[in-house]
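Same chain, two partners: chain A is paired with chain B first, then with chain C.
And then the complex of A and B:
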């Protein structure tokens, strides 16, 4: 027997969600947009990017929509001013770690456009520019575009069960690697492409065989 | 943290497989650096995928710096900074002709930084192998290869009936066994005693235990968080090395109350004396029948990461995985070590439990009659003070009394400019606010926190812009790299203070808000607190743009 559904309010509109739903699930069920970078509905919520901060009635500060469970009667404000300020600042910070702007079609570029984030104003270190790693016939790495959202690592773990990818480093030096960091080819990778499919920046892409 | 990896680790642990981190640490100890063959070996023996092992090997400080025949680690903690302004670091670097993280070409010697060695009472400190030397002349001795073990700090109690400085004698567990105190009754006593967590957050221990007790599952664990990473604090070090039986008794009592079968202590690798002390005490407790079949304890050493003091990161480290923070829920009390219900308590928190088991909740609450908080607190002071050491005090005394009477004020005629209490995530109290009561709420009202209870004075010669740069360098270096505000924001905040340019205050405040509201854990969320104190009390020293 399934648990009873919950009723929550999203931006004034009432919506019913199943027990165990997150605030992000509720917002999406209500047709409201919440910015996300590390979220992929096929994977367990990760809570890393902090772009999805929303207002919740009674909470002292905005909460991450992707990892906050709904409570019955919860009132959610997807355009909470403080939450949006943080989302804007986070996207600007993320853009500032890349040595070049992400391609316009990428999820990161789309979120930045929708939030109105332009050129990052943070000087300082970026990921070291490096040529793409194209040793594998089907998958290419561009480590300089990695934003450590963990989606590729989780795709390989949770969707494919191959465990060919890992987060590496720590702090600002964080990135991803396949196997012992010798590229996809010398790893357990089975070339399923789940990592490239979920990557929000083109740090991992499929190598097209078409001209 | 990946549930699949955690389950993988659990299954291998059930067959006594070492963790990947164990194998990697061992390889570094033996040969001074890691090779891919070591990583493959760690994957084979631990059962972890090669990529995951690679991830672990790039996370912990202890695995990252190559070691020479002699491996020197210079403490860059805040007490050492307050003592020398980092002159000891420069002197070692120059004397050895090595940068931090480098090994001499002939492999004879290597230099790494470490935060913090817990000898804040006689800073600066340098570690040569497993010998920690500290105090005047330490750099010269380190350069001459003549380090000697520094003296441990003095300790005393101001309480007639000490809780934490009373040597552990197992009288609490004896009473539980002889009088047949039920788990429910013990849990009720600890809840009624209102023991607040001593590791920083102040969460009531009884409530945490109640969650773990109520959680479904046959197998449960108790974990003592001995990752006392807060620079300037050597309280848990003192307890783990010099009142070890009290900690083990507290763990056994916690296990009785929540129904746990096994316990783990995670000790910092920066404290080379802690693990041997705990293992010897555990062996003695087994021989005396206090530990053994019903409940036993395993001691595990970390590998150099501040954020591993956060409870979800701590559990990941115990599992031999990358010590990154996980979003909660699930809370460890429901889904902790190896996915099992787990109580994670700070070392000092657990050391309060034997007193409650012997004397009851009322006696415990009566220890601090002038304060809202029950029990007593260990505090410690840095080398700037005339009488640094570990002291047991009641809550609610004035911070001025602690600094000026108990620790004797600063030595050499210097005066206090400000004190940072409770670690790097705590605010800084200026000298004119020292009358603030030493307790959770009173300090919070000043933008400070009780935290671990370390009291670290900056003297009148200290540049507060240097303090900001020092703290943010630490913050950025120790970010686990998981959440974006902390990973990038602390790097940018450090960049603001490391550059020679004036700082745009509005831009800094926006960054602080992003860190406070956005960070996944208290590391990114707390690093703004001391910066806000500096902005409030010493704005003219920070080099803000006009």
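And then the complex of A and C:
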């Protein structure tokens, strides 16, 4: 029933993946790390952040691992120099928009550490610092930490199916809102917590886990 | 955060795998979904994820309590004194009135091992089959009907069937509130194109995602299911090859169907004939289709018959035993499947084998080393009747608040007051513990090890993330201690040892051990080599001859009906934010989201009765009366009202009478005729002129 498996090479090692697998799937199957920010295995690949660029033999430029399907015989270089340079810049730019560093346990902080991104080189405008929104008994917004990756919005849509969250604003005002920015409590939110679970910066987190 | 433990959620029957993160200073810091949980696939709801603070609530029972006189104040006591008192009182009752004057309730909230221990204690230490569990009042009709029609008491497939089926009939269930993670899964399936038909007197959230919503009058499910079968038969959807090869009883069932033409069913149920035809076609035209149901099917006078008719529909179309074609009862509590599987029932040992079966009974006698009764014990409602009649003298209630959740509350309280001796084993004081002579402080699901079995028959490990508070103990330790004091040693050091005994004595569980369950659990039956059964009946049914059985059961009227004095029909159910009696969720932040029961009433009925949204109103049935606020909404059909039973201030079950399923005595919670009016308005002595 299942389609025939594909064989690809990841950093020189051969790995077998099912048809339909992405380059990211293949890299993970081979035990190789690829930086990601907007990716969550529970959601359809989004391809927005460009942190997961990898080298593919024969491609003119690095390709996003999360949205590129594997072809049989594909040779993948997860540490492609150009790809890594972009990933480093993406993460540094993202960090430069935040008025404070994300907590060390967050996915963004972990990716930055692993890529060796230090203090961003571009000081200047950031998201406006704001106190956390704690109008809901469990779910809190820290809007200043939102990087507009869209994971919370997609978790609400694709995992829960409540469609309570939406992307709002532009530029440094880009953020996420529950309902018409009514806060979780007065939106359609059912408090499943899928948004907090996927958020890579704690822009959405639990009230009891706020710093 | 220091440590994390992977465990299984203790709320509903979905069986979400959770990561519980322990705080350094004791207590749970947070809970997140396990990404590899087979039932939840990295998702949870607000109960499993957030509603954990009850575990360290100041009202937790942390020491045994004893009442020196019935109705008197409770005082703290040592474990030794409490257990001595239990052994002495139960011993006295047994000596004076025989073992059948004592009854026990195991808990569908507790683990398989706890329930097995409780059943063994009642049977071997006390010597009675008076053991039951709260599945009696929810899905016992499902269990009965599935065994009768197909052979085994469990879903025929898995939740994953929703992911690759063409159509689903969802009857009498509101999964986005009662089983939120499965509700989300069904919703996602509809967004991908699965055709959903919802059948419920309330316009549930999923109705907005389906292709069709049928709103039958409460209590007329049988007519609707027979009407669907009529159209399937009439329009050529019968899989005659399947029927001939794998079933018996088709002819008698087919003979019944001419009487259920859509127009006739419309007259009974109020469902438009055209909708009934469409519903049958949605199901019949899909090459794979599922039927899922909940307590809106079972908690009726003829609930067990409706489940048999649901089986008939799957059998006549051959939509069973394949990926995407399954019968999926949405079991209520976390271990409502397992507590019954474990033989915490008055008529069966593990895996539904009769207490009267000589070979089975003697296998347990050999293992336990005591003679065992061959006589069926009392069901829960029979226990209360027997207590009021003076035949039952003592009860041991473990993890159930019968005085809030069981029907006919006044009768239940009368029964509890009539007992000579009542033991309650729970994590909080409840309505029921008010009548207890001894109260034992037990442990929540976050504090124990063992297994729960979810609605897919999946046995999954439960692991302690924190310790029981104060002197509270795990249920497993408590039952062992009481059984020892009663003279029967339960010879297990850990719940894993108990599971080994269960596996040794239960062929369908032969391959189960804690070591083997791992992170994903196993779906029974599990062969000795450890291979499990995500799909049942692929080749044969588990009945004699391997054939399924069609039940030829006509529609029968429900036990209660609206009349001049009680013109509306009350249906009860649950809300997303709370869980049953609310013992746990009322002690969490969930009360900030929902802090009271309300009565849903249709705008037409509300206008006629001069009721506005938020008004405090009186609801009176034939057996009781309550007061609560009204919520005017067109989610409920005219002629019906809906409420929940989460708050003891409301005591909704004062309204529910003694009517129950004819085969399993599951109470008819879903059809109660009531009179609704603003507070302060007296019922008119003379009916108003029309």
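Assorted remarks:
Throughout what follows, the second predicted complex is superposed on the first by the 205 of 211 C-alpha atoms of A that agree within 3 Å, B and C clash if a C-alpha of one lies under 4 Å from a C-alpha of the other, contacts with A are read in each partner's own complex, and residues count from 1 in each chain.
The criterion applied here is as follows: contacts are C-beta pairs under 8 Å (C-beta built on N, C-alpha and C of every residue); 3 or more make two chains touch, one makes a residue touch a chain.
Given the structure is predicted, the values throughout are model-derived calculations rather than measurements.
Following the overlay on chain A, a side-by-side fit with no clash is recorded for the pair chain B and chain C. Of the two partner chains placed by the overlay, only chain B lies in contact with A:147; chain C stays clear of it. Of the two partner chains, chain B is the only one touched by A:61; chain C is not. Look at A:84: by the touch rule set out above, it reaches neither chain B nor chain C. Once chain A of one complex is fitted onto chain A of the other, the partner contacts of A:28 are absent, as it touches neither chain B nor chain C. Draw one line from the C-alpha centre of chain A to that of chain B and another to that of chain C; the angle between them is 120°, to the nearest 10. Between chain B and chain C, it is B that contacts the larger number of residues in chain A.
Of the two partner chains, chain C is the only one that A:197 touches; chain B does not reach it. In the overlay built on the shared chain, the residue A:42 is in contact with chain C alone; chain B does not reach it. When the two complexes are overlaid on their common chain A, residue A:164 makes contact with chain B while staying clear of chain C.
With chain A fitted onto itself, chain B and chain C come no nearer than 6 Å, counting C-alpha atoms only. Looking at chain A, you'll find residues 158, 161 touch chain B in one structure and chain C in the other.
Residues 41-42, 137-138, 158-161, 185, 190-194, 197, 206, 208-209 of chain A touch chain C in their complex. Here chain C touches chain A in the complex through residues 29-30, 32-33, 35, 41-46, 49-50, 176, 180, 184, 187-188, 191, 209, 576-577, 589-590, 592-593, going by the rule given at the top. Across the complex, chain A meets chain B through its residues 37, 44-51, 53, 61-62, 64, 67, 69, 82-83, 85-86, 89-90, 93-94, 96-97, 121-125, 147-148, 150, 154, 157-158, 161, 163-174, 177-181, 187-188. Residues 2-5, 36, 39-40, 49-55, 58-59, 305, 322, 324, 326-329, 476-485, 487-492, 495, 507, 510-511, 513-514, 516-520 of chain B touch chain A in their complex.
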